[in-house]
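Just dropping this structure here.
The chains carry the letters A, B, C and D, assigned in the order they are written, with residues numbered from 1 in each.
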Amino acid sequence: MRNSIGNIFRLTGFGESHGVAIGGVIDGMPAGVKIDLGRVQEELNRRRPGQSAIVTARNEHDNVKILSGLFEGITTGTPIGFVIENTNQHSGDYSNIKDAFRPSHADYTYTAKYGVRDYRGGGRSSARETAVRVVAGAFARQALEQYGVEIYAYTSQVGNIALDKDYRKYDKDGIENNTVRCPDAVKAQEMIRLIEEVKAAGDTVGGVITCVIKGVPVGIGEPVFDKLHARLGAAMLGINAVKGFEYGLGFDFAEKRGSEVADAFCCENGKITTLTNNSGGIQGGISNGEDIYFRVAFKPVATLLRDVDTIDTEGNDIVLRAKGRHDPCVLPRAVPIVEAMAAIVILDNILINKTVKL
Amino acid sequence: MRNSIGNIFRLTGFGESHGVAIGGVIDGMPAGVKIDLGRVQEELNRRRPGQSAIVTARNEHDNVKILSGLFEGITTGTPIGFVIENTNQHSGDYSNIKDAFRPSHADYTYTAKYGVRDYRGGGRSSARETAVRVVAGAFARQALEQYGVEIYAYTSQVGNIALDKDYRKYDKDGIENNTVRCPDAVKAQEMIRLIEEVKAAGDTVGGVITCVIKGVPVGIGEPVFDKLHARLGAAMLGINAVKGFEYGLGFDFAEKRGSEVADAFCCENGKITTLTNNSGGIQGGISNGEDIYFRVAFKPVATLLRDVDTIDTEGNDIVLRAKGRHDPCVLPRAVPIVEAMAAIVILDNILINKTVKL
Amino acid sequence: MRNSIGNIFRLTGFGESHGVAIGGVIDGMPAGVKIDLGRVQEELNRRRPGQSAIVTARNEHDNVKILSGLFEGITTGTPIGFVIENTNQHSGDYSNIKDAFRPSHADYTYTAKYGVRDYRGGGRSSARETAVRVVAGAFARQALEQYGVEIYAYTSQVGNIALDKDYRKYDKDGIENNTVRCPDAVKAQEMIRLIEEVKAAGDTVGGVITCVIKGVPVGIGEPVFDKLHARLGAAMLGINAVKGFEYGLGFDFAEKRGSEVADAFCCENGKITTLTNNSGGIQGGISNGEDIYFRVAFKPVATLLRDVDTIDTEGNDIVLRAKGRHDPCVLPRAVPIVEAMAAIVILDNILINKTVKL
Amino acid sequence: MRNSIGNIFRLTGFGESHGVAIGGVIDGMPAGVKIDLGRVQEELNRRRPGQSAIVTARNEHDNVKILSGLFEGITTGTPIGFVIENTNQHSGDYSNIKDAFRPSHADYTYTAKYGVRDYRGGGRSSARETAVRVVAGAFARQALEQYGVEIYAYTSQVGNIALDKDYRKYDKDGIENNTVRCPDAVKAQEMIRLIEEVKAAGDTVGGVITCVIKGVPVGIGEPVFDKLHARLGAAMLGINAVKGFEYGLGFDFAEKRGSEVADAFCCENGKITTLTNNSGGIQGGISNGEDIYFRVAFKPVATLLRDVDTIDTEGNDIVLRAKGRHDPCVLPRAVPIVEAMAAIVILDNILINKTVKL
């Protein structure tokens, strides 16, 4: 529990925003997989701060250093230890929050729970720890490619600007063409403009990320309590700022009749597929071979770059103005995190599924 | 993994719809708790089939038999073994689906995964197994009362009939006043009427359940991967037919600005609270002492009592007409299941939280 | 933790000696295995009380009832729930220990830990719960046969009567020829005579069981913390009355030189074997294809059928004379338990090993 | 499983002998514990190579670097990440074993299991990874001191030189007075002389370590499968070269009568103790407040500094002469490892025990 995720393919993470380093251990990485470390670093670069004008200015290169588990570029089946040093901390920026509880932040709950907290940059509650997930996800992804699994995510809503079509209508190759990671070039510009406006106002804005997983073999996922979508949901809800998860038609199912949304089977050349995919590629908690797709809702970042009324740790009213460098909108940087968590869950479940028969 | 949930307070379930019995083992039930078995049975009765005109007619009394872990009415800290016999099976009703894959059901995925399936009544994929969860939830709930935790859920949407107000506006005492378990008496009648219509048409309909948890102490929940809402989300997504989960403002956060939704702190008589509770009682994955509330989306039941085009296990096109007894809408019976899963998660996390300090 | 063992093939047990029933859930039983329930019952019969003159007279038939997970005699991959009713309890025999702490028993520690205990027949601390292990072991064994794994154990020491030769010198077919389960017919008679003497004196005696596992494929076992022998050791040490575990040469290694005990490799027809097997079939925590063998030390049963000085729960000195029916020596009945635990561990590790490569 | 140990207090380790670094993550370290890092380093120094004439000459300082989880010297409840760099590798020493399987080593089993191995210095199977355990143990120990728990171990046998008395007869303060860590000064010199002889002959020798744990509160340990001694046994058996574990009278119980070894209770001033402690401080898997003591058997190190007949990875006969630097006897350096593993298990179980009651 706590700082580990996965059963067979299991990531254990550590690290505070302004500590010496963040890092983790990947246990259960299958042996014999050739790893391209350049691609691991590329995934980190997609998440890193300072990558564009619409994300935090904390300019950290987030170079990952692999300490174990690889020999001559091949995984050995032993745990992958890795670290990412914290190099661009401005811990002084946080001295004014030392004794304050920022609204909608974890300052208060961490203090109440542990009796002590590393207030610098949010400590362990900072989204900085998600870099560790991206590393693990990048390893998982390279293993998944051998199964033909492909995972991509994109920003489908920022504030009131939302894509109105189904994921099938968008070209995934367009996602990385803009800084907000939206496959619709026009909407992308509107989203970027909105984020700039919000940023200029010292405010922040929420949004939705859509994720698609193609090529998952039939039969992946472990009922009853560990249904594939329950694992995916938990992984997504564990990402900072996430407030909702739905897969397939999700909440839209609520107003549907069974006759409208049943995914009829068909069989062509011995291959069973469904004519529609309202289910989102999972039935009874087990993949059915169709695309898995889901949506993840993010709240606006809690840190505002303006005066905020709050209380100090003694309960006195104070006015707080955040310093530090913050994202006006987490969505652009959260896209690779969503993909990473999806990769971790899918690989873990593919490995577990190997144990279902003798 | 698989058929267990929880870390310290852990339920392991077993049983198929038409097997000898369903049941489970509750490990980690704290010692010294006086258990009212009558109340355990009452929770089961709220979930049981045949309870009203708008649920399945399978008339099973679902009497739970406790086999261990209680001595003179008190929990002993040893595991609670329990069984619920399957008494009202009409397995013959299922002979026609033996070789068929019903659309949007788990027939195909189970067969693909395990190579064999107990087709009678859906076997393990049947929602019958949720009775086991209700038993565990009823034990958890009685432990939670000692902490002052209160949990209730209600049907907030059926098809296009939705409650339009916040949970604070509804009187929880009204929930059990109608068969659909909706606290708004007028909307409840509309929902019931809709379900009757849908049933008459051999169709089914989806909906949303809202759940509220009051009195959770500050500090419950384990970051990073096991945030309290991630645990709750996984528990809900593990319930049959659930397709979405959101807490606090959930997906509505997507279009909000940070300045609109920050939950300002205030401190009265040394007690820290928040003026609003958009966060849904959890910040950074840890409870902050405010109400926890969340919404769970259910798809319409997949089994339609009408002719359905599908395929058989050989891939041939067939027309299937389900026999058996089925719910036109799972919401009324799912209310106690949602509550049970919430109780399991909260008690487990309260127990884990005891280990955070020496 | 606690009442579960195994990671993929996982048994969760429940039940007190004098409760309604004992039982368990086997999760992770591979799908598609044909199960001979008669053989499951036979294993239970080898463990059951009342089977001979040298074991407890509690005459219980220990009929196991399978509740789920089997369909038409084949495992379905869903959990196997099962119960064994408690039918021959003489709970009245225990009224005099209600307020007493028996020496070297768990009465005191259970009371101190949980604040409450079911004193009847030792409650949860009774070796009665080991019947549950035998059921799970019998399922595991039938799966293991498909891998060619064979497991047998025998009594190699009772009191000061010990077999002085290596397991290779004894014919396993002789084990079941006598009630003490010793393959040396002469020593067996001496052991039986010793147990009868001890029993007549109202006393008890300890011993050692040797277990041999043949046919485990190379590569089974998970370093670092879960070395195969660490898992086997934990499984054996979890059996009631066990006080020691050693594998290969075990404690005899302490006085050896490396040059004396190295297991030289040889290779015949492409098959790698070792000329000696001091290692006990495991190197670096991983099976090497040779026989796995280990020894398990049992203390004498704590319950004496004579007057014993002890204290009551208030700390007052009392004299206690146990009633009830007890084993003068647990070894004969522990042989199938040791085998069962070995089977559980080996199957679990064979399944885990499937996840080591893509 | 695999590279993690503990449930609540959980260590996950990584690292190969000749990789960049070894290290680990301690999750579940209680918050608010003041840590003396100097004492953590001291424990490592007791384990480090090159510390005396009777251990390996690999001269590595094993400086631990803490990366997270401490703030101003206090644990924050977040995971402790740490690394120890590998600085004194002579990987060239191992080029001749690249294609060889050393007898009684893990070379063959790792290769068979994973298909690939980092042969340098034994890779992951090297005892180098135990440094990571010592770090976690040092943290656990500082937490345990707040409960008054004290742990010490010592070498009680090397080859045929064995202490013949009970642990109570030896002064623990004498343990660190000699390089073999034996509290009997005379026997210590004999042991050292033996190790020197063995070393001079290019040979190695086995032995036994005795460990004593004082001050464990009554009630620690989780029956059924996770009995305290089963956890301790598994932890010890997971240490490299360990082949046996016994606690209390251990294997000596085999020849005892129940009447000889029952630990009679007595009660003085309301405190319940036992007159003897044959049980080794644990009854029914739960601590009873008496001293816990156990013995751990080590085989002689497999690497001999002389010509050895073996095979290469193709199965051809070869003669191998190990280069590298190796311990002629692991006992002196294993003493702090045994203590560390004991500390990890005891703290984990003390934390788990907090969850047994509301």
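Just so it is clear, contacts are C-beta pairs under 8 Å (C-beta built on N, C-alpha and C of every residue); 3 or more make two chains touch, one makes a residue touch a chain.
Since the structure is predicted, the reported quantities are computational estimates derived from the model, not experimental observations.
Undergrad: Counting one step per pair of touching chains, how far is chain D from chain B at the shortest?
TA: 1
Undergrad: Weigh A-C against A-D on C-beta contact pairs and write down the one with more.
TA: It is A-D, judged by the count of C-beta pairs in contact.
Undergrad: Using the average of all C-alpha atoms in each chain as its centre, how far is it in Å between chain C and chain D?
TA: So the centroids are 26 Å from each other.
Undergrad: Chain A to chain C: how many Å between their CA centres?
TA: That pair's centroid distance is 46 Å.
Undergrad: As a quick test, compute the distance in whole Å between the mean CA positions of chain A and chain D.
TA: 39
Undergrad: Identify all positions of chain A at which a residue touches two or more other chains, and write them in rising order.
TA: Within chain A, residues 2-4, 13, 28, 31-32, 77, 113-115, 124, 352, 356-357 contact more than one other chain.
Undergrad: Taking the touch rule as given, give the residues of chain D at its contact with chain C in the complex, in rising order.
TA: Of all residues in chain D, those touching chain C are 1-5, 7, 13, 101, 103-106, 108-110, 112-115, 124-125, 129, 157-160, 162, 198, 203-208, 218-227, 229-231, 233-235, 237-238, 243-251, 253-267, 270, 272, 274, 278-280, 282-288, 295, 297-304, 306, 308-311, 315-317, 352-353, 356-357.
Undergrad: Quick check on the complex: what are the chain B residues that touch chain C?
TA: 2-4, 10, 12-16, 19-25, 27-28, 31-32, 65-69, 71, 74-81, 83, 113-118, 123-124
Undergrad: Which of the residues in chain D come into contact with chain B in the complex?
TA: For chain D paired with chain B, touching residues are 8, 28, 30-33, 77, 143, 146-147, 351-352, 354-358.
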